[in-house]
Amino acid sequence: MSARLTRRFEALARAGRAGLVTFVTAGDPDYETGLEIVRALPQAGADVIELGMPFTDPMADGPAIQEAGCRALDAGMTLARVLDLAAAFRAGDADTPVVLMGYINPILAMGLETFTARAAAAGVDGLIVVDMPPEEDAPLRRAASAQGLHLIRLATPTTDDDRLVRVLDGASGFLYYVSVAGVTGSKSAAGADIDAAVARLRRQTDLPIAVGFGIRTAEQAGAVARSADAAVVGSAIVNVVKAHLGRPDLVDAVSRFVADLSAGVRAARKEHS
Amino acid sequence: MSARLTRRFEALARAGRAGLVTFVTAGDPDYETGLEIVRALPQAGADVIELGMPFTDPMADGPAIQEAGCRALDAGMTLARVLDLAAAFRAGDADTPVVLMGYINPILAMGLETFTARAAAAGVDGLIVVDMPPEEDAPLRRAASAQGLHLIRLATPTTDDDRLVRVLDGASGFLYYVSVAGVTGSKSAAGADIDAAVARLRRQTDLPIAVGFGIRTAEQAGAVARSADAAVVGSAIVNVVKAHLGRPDLVDAVSRFVADLSAGVRAARKEHS
Amino acid sequence: GHFADYGGRYVAETLMPLILEVERAYEAATRDPAFQAEFDDLLTHYVGRPSPLYFAERLTEHLGGAKIYFKRDEVNFTGAHKINNVVGQILLARRMGKTRIIAETGAGQHGVATATVAARFGLSCTVFMGAVDMARQRSNVHRMTLLGADIRPVHSGNATLKDAMNEALRHWVAEVDDTFYVIGTVAGPHPYPAMVRDFQSVIGREVREQILDREGRLPDSLVACIGGGSNAMGLFHPFLDEPTVRCRAVEAAGRGVDTGEHAASLTRGRPGVLHGNKTYLLQDADGQIIEPYSISAGLDYPGVGPEHAWLRDQGRVEYVHATDQAALDAFQLCARTEGILPALEPAHALAHVAEWAPTLPADHLMVMNLCGRGDKDMDTVVEALGLTAGEAKR
Amino acid sequence: GHFADYGGRYVAETLMPLILEVERAYEAATRDPAFQAEFDDLLTHYVGRPSPLYFAERLTEHLGGAKIYFKRDEVNFTGAHKINNVVGQILLARRMGKTRIIAETGAGQHGVATATVAARFGLSCTVFMGAVDMARQRSNVHRMTLLGADIRPVHSGNATLKDAMNEALRHWVAEVDDTFYVIGTVAGPHPYPAMVRDFQSVIGREVREQILDREGRLPDSLVACIGGGSNAMGLFHPFLDEPTVRCRAVEAAGRGVDTGEHAASLTRGRPGVLHGNKTYLLQDADGQIIEPYSISAGLDYPGVGPEHAWLRDQGRVEYVHATDQAALDAFQLCARTEGILPALEPAHALAHVAEWAPTLPADHLMVMNLCGRGDKDMDTVVEALGLTAGEAKR
């Protein structure tokens, strides 16, 4: 398995802080700008990069990420170009883990084996495929595993303890906890609920736990970072992209926002310790 | 029974010519003008006057007479005012027969006895009620008869010989032959068809035969006048009223048109004799 | 008359021979089992009869009185009871060798039914429709057009149902040889009122069988809306000899029977003659016909079938009325409790049910004729309720 | 998958527990005679089943080949086969204690059926509908509004059925506790494809009984249109084990399957995953979904039920296609020969019947599923044919 993810979470644990997982849609608003954005993320404070693979019908995403996908597709992005972008990023950054996030259909169109092989070659570390529950992901898991890619599983507020066993069976890399029942960019969970959920998950797994959905501000990221191993921010970053479309300060604006989030995450446990 | 109708047809027979029956809607376009029109008709050559009793739903009439009825109703005509108009005419003309033509509902609203009594008092000679076939007209016939009013029956191209017996049973005044299947003012019958129809009717009745529907010109009136005892013209006269609405020469125009029709009727048998 | 002093054949002489021929042909048809068999077959396989008798459970609970059943003639093919009669008359027209069909229509349901069955038998079809009704029932105009009917807009009078019937009669006079006039209600010259009643009586016959099957006894009351009166007559007729069955017909009170803007001929009219029959009519003191008014195009008629006039005078049927507003309220009540969008015509019947049922005991069995579906009235209702489609219920 | 490699439950983890709960509840319901009894009772008295099996005599004569029967699901209450499935799913939702119903809709028939049955049971109802479809199926938007449904316009994508389904799934994820998603066709995550098929199989079971009663033998062929495929599956399923019964499903070829503007997923698609199931999809080389096109809103979908994908690969059902123009021609043919205005969806089936039937002998029994009425499509057809309502046939 790709060691970057594991190393990164170990390093965070040693540093006594949670990580910041930043999601952007690959190639939003276009390949070149998208690559610049991604390249700037580690410097801005991102610990793990989630790269969205655009899909025409992103049924688990809210408007922000839907629109980001449309922008990327309109600009000519394909799954192959997403892998190109990941490879281009990896060429300049050997350490920051990259996780691809998306839907299964474009992957099937490329072929599971081809896709996982090319992803691994591009320096990708893990995969999150939101419409592949454990019941359906065995073929993908086998293909990913053969290439050393983590297939990251998701748990949600509706995943009860019985079901969690199934979710964790075969999970690797980290566990992605979707903190609210909803699509990306919708409502936010209360901090206490997140703490309780993380505590419940930790009783059943030693995997790092990243918490996402509904985290929009440094403060919210910080609240998550108190208990979770990482806070995932997506729609809020994508909204910054949208707000700066066509402007020369787009990449800077994203960086500044990520830096702010990062500060929130880094301050979280200090405040409370 | 009112003798005026009989006397008039006898006089026409002695003169060796057919009569001209002129229809106007009573009170079209208003009571005063309507009365002037009617008063001018005998002088213009009308031998019998048919006075239309306006009704909201004249189902046997075409657009010309429908509209004339609307004009009269809009100007405040009622059945009682129709009788007033007839009486006013009769005050100045003791000889020209007047026949009321219309639908049964306003008559029922006034009451059969009241209506027939008031019509007789107004100097009316006969009644034509288009929606009262022989099957239904017994009560009206009794009331009319009690007041000496002729109830004039209609025969049509669809009235076969068997049915004609029924139509003629109780007919009085004259027989009104509707020369075409249709509403007033529609298509015209061919002269030869009318001659044949009149001949057929004469085999079964000695009543004078007036032919109407579709007669628009002096020439057509003349063609009918060759075989029939009278030609009835209605829509064509009403159209002259409509064409001169609001003009000072309205009454003159109607008179001139009726004079023209009368000339056609008077010339008919001369040309062929 | 054919119903005491009511009914009759008050038509122009030109039509009389044909009217008498229709009567003879109809009488022969009623004695011919093959005619009845063909009628029944078409009702079953073409129209989709029997229509359901449906226990309106939630409405019954909501009103808290009589147990209410709906006779669901709205699920008939073409969406109303009208087609029962049209099938019968067009089979008769075929027997008579007629090749052209004409009809009048108000709401368009009778016109659609006639255009439908005429197309089914390859007969030419002309439908007379008031220009005002064409505007307010546009979807039905489209349906008739696509069925190949020639639609003649009528501009005379108020340009509604009465005027369409005048124009159909005028047209028929000119085309007596090859044309059959399919009248849409239990009105017009004899034999139409009796013939249409007979064809529509399938409704009541089915109800009788269905309620005996479901409840083991006859209903205590029947309720139907009444414009011309064919759906009411169809429901009531097979029960008229059952003295325990109360019958109520609901007229359109428009803006109120005392406002002058209504279509309640039996409530506010007097006997007279129109469209070939003697019956109760909305008319002024001079015998001129008063233009009726109702939100429902199908009830917007100044007369009523002559047999209803007779049943009124006898007291066998009670004639009540409901306003536009009561009908709209009932429409919504039906939509929200039963998920059924009634036509505005039976919404009038339902308005009376909503008033009457709560005063009756729970063991009172009431059957209402839900004689047409509301699809044709969507624009009218949405406008009347001031709704914006798709955004109303946020 | 649940149909060889097709089907499955490709949904977000948030939905999985609920999807599994639906499956358990559905399995329990199928074993509960009370559930089946309530389903049957509603189909009989509320929906008006059985729908007629009608011998299309004039169409058969006109085409001069196979003897054609129409299964008349267009006379169902609400005007299409959709309500069969909705009744079943809403009864299931009630069993599960759900109080809110959501649905997606394309042509609006499924949305209307869902709004209807939800109102019948007093359940809150939200319908997702593409903004483009809302504009072209306005009358159905009105119907849903009046039934009290909350209609959510969907602007994403092409703003048609696919997008409405995306949005319904997104909404469901956020409202898993009290909400039941009534899917309108044999697609979506398991158990929907099987469940919808089972509920719609009443169509084929009735046909089997009716044709045996009328003809004394099974049909030789069955024809149905296919978008998602629920009406086709409902007709075919009870006959799939009868090797002598040929089944043909007709996809929407739009402007032609080689133009790129069509909705023929089985003809021109490849297997993939969308909306929770693996099936044939219209997609580009990159696996992006291609926006479908059809004149018929109900067929305008880039996928198809997974069981159809399996039946295609097996060769048990033949999948053919018909263009917009062929459907419009068939619409007119049906109107003029049988007086029936089909929805544009079954007009596609009829287009194939018009092509196939003349090549078959007179003793070939063909049953076509006339699964919806055309009323909703009047504006579209009038415009497509360039007709002016009421003046077209002068």
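Worth pointing out:
All chains are identified by letter, namely A, B, C and D, in their written order; residue positions are counted from 1 within each chain.
Definition applied: a residue touches a chain if its C-beta (ideal position, glycine included) is under 8 Å from a C-beta of that chain, and two chains touch if they have at least 3 such contacts.
Worth saying up front: this structure is predicted, and the values here are computed from it rather than measured.
Any chain bridging chain B and chain D, meaning touching each of them, is among C; the list is complete. Note on connectivity: the fewest steps through touching chains from chain B to chain C is 1.
Summarising the inter-chain layout, the chain whose CA centre lies farthest from the centre of chain C is A. Chain centres here are Cα averages; for chain C and chain D they lie 33 Å apart. Centre-to-centre separation between chain A and chain C, using Cα means, comes to 66 Å. We define each chain's centre as the mean of its Cα atoms; on that basis chain A and chain D are separated by 38 Å. Distance between chain centres (mean CA atoms), chain A to chain B: 96 Å. Multi-chain contact residues of chain D, defined as those touching 2 or more other chains: none present. Residue positions of chain A touching 2 or more other chains: there are none.
A linear topology is adopted by the chain contact network, the touching chains following one after another without closure. You'll find the chains touch as A-D, B-C, C-D. For chain D in complex with chain C, the residues that touch the partner chain are 44-48, 51-55, 58, 72, 74-77, 79, 115-122, 129, 134, 138-139, 141-151, 153, 331-332, 335-341, 374-375, 378-379, 381-382, 385, 387, 389-394. Contact residues of chain D toward chain A in the complex are 8-18, 156-157, 162, 166, 169-170, 173-177, 270-276, 281, 283, 285-289.
Every residue of chain A that touches chain D in the complex is listed here, in rising order: 55-63, 66, 73, 78-80, 103-110, 130-133, 135-136, 153-160, 163, 167, 178, 180-183, 186-187.
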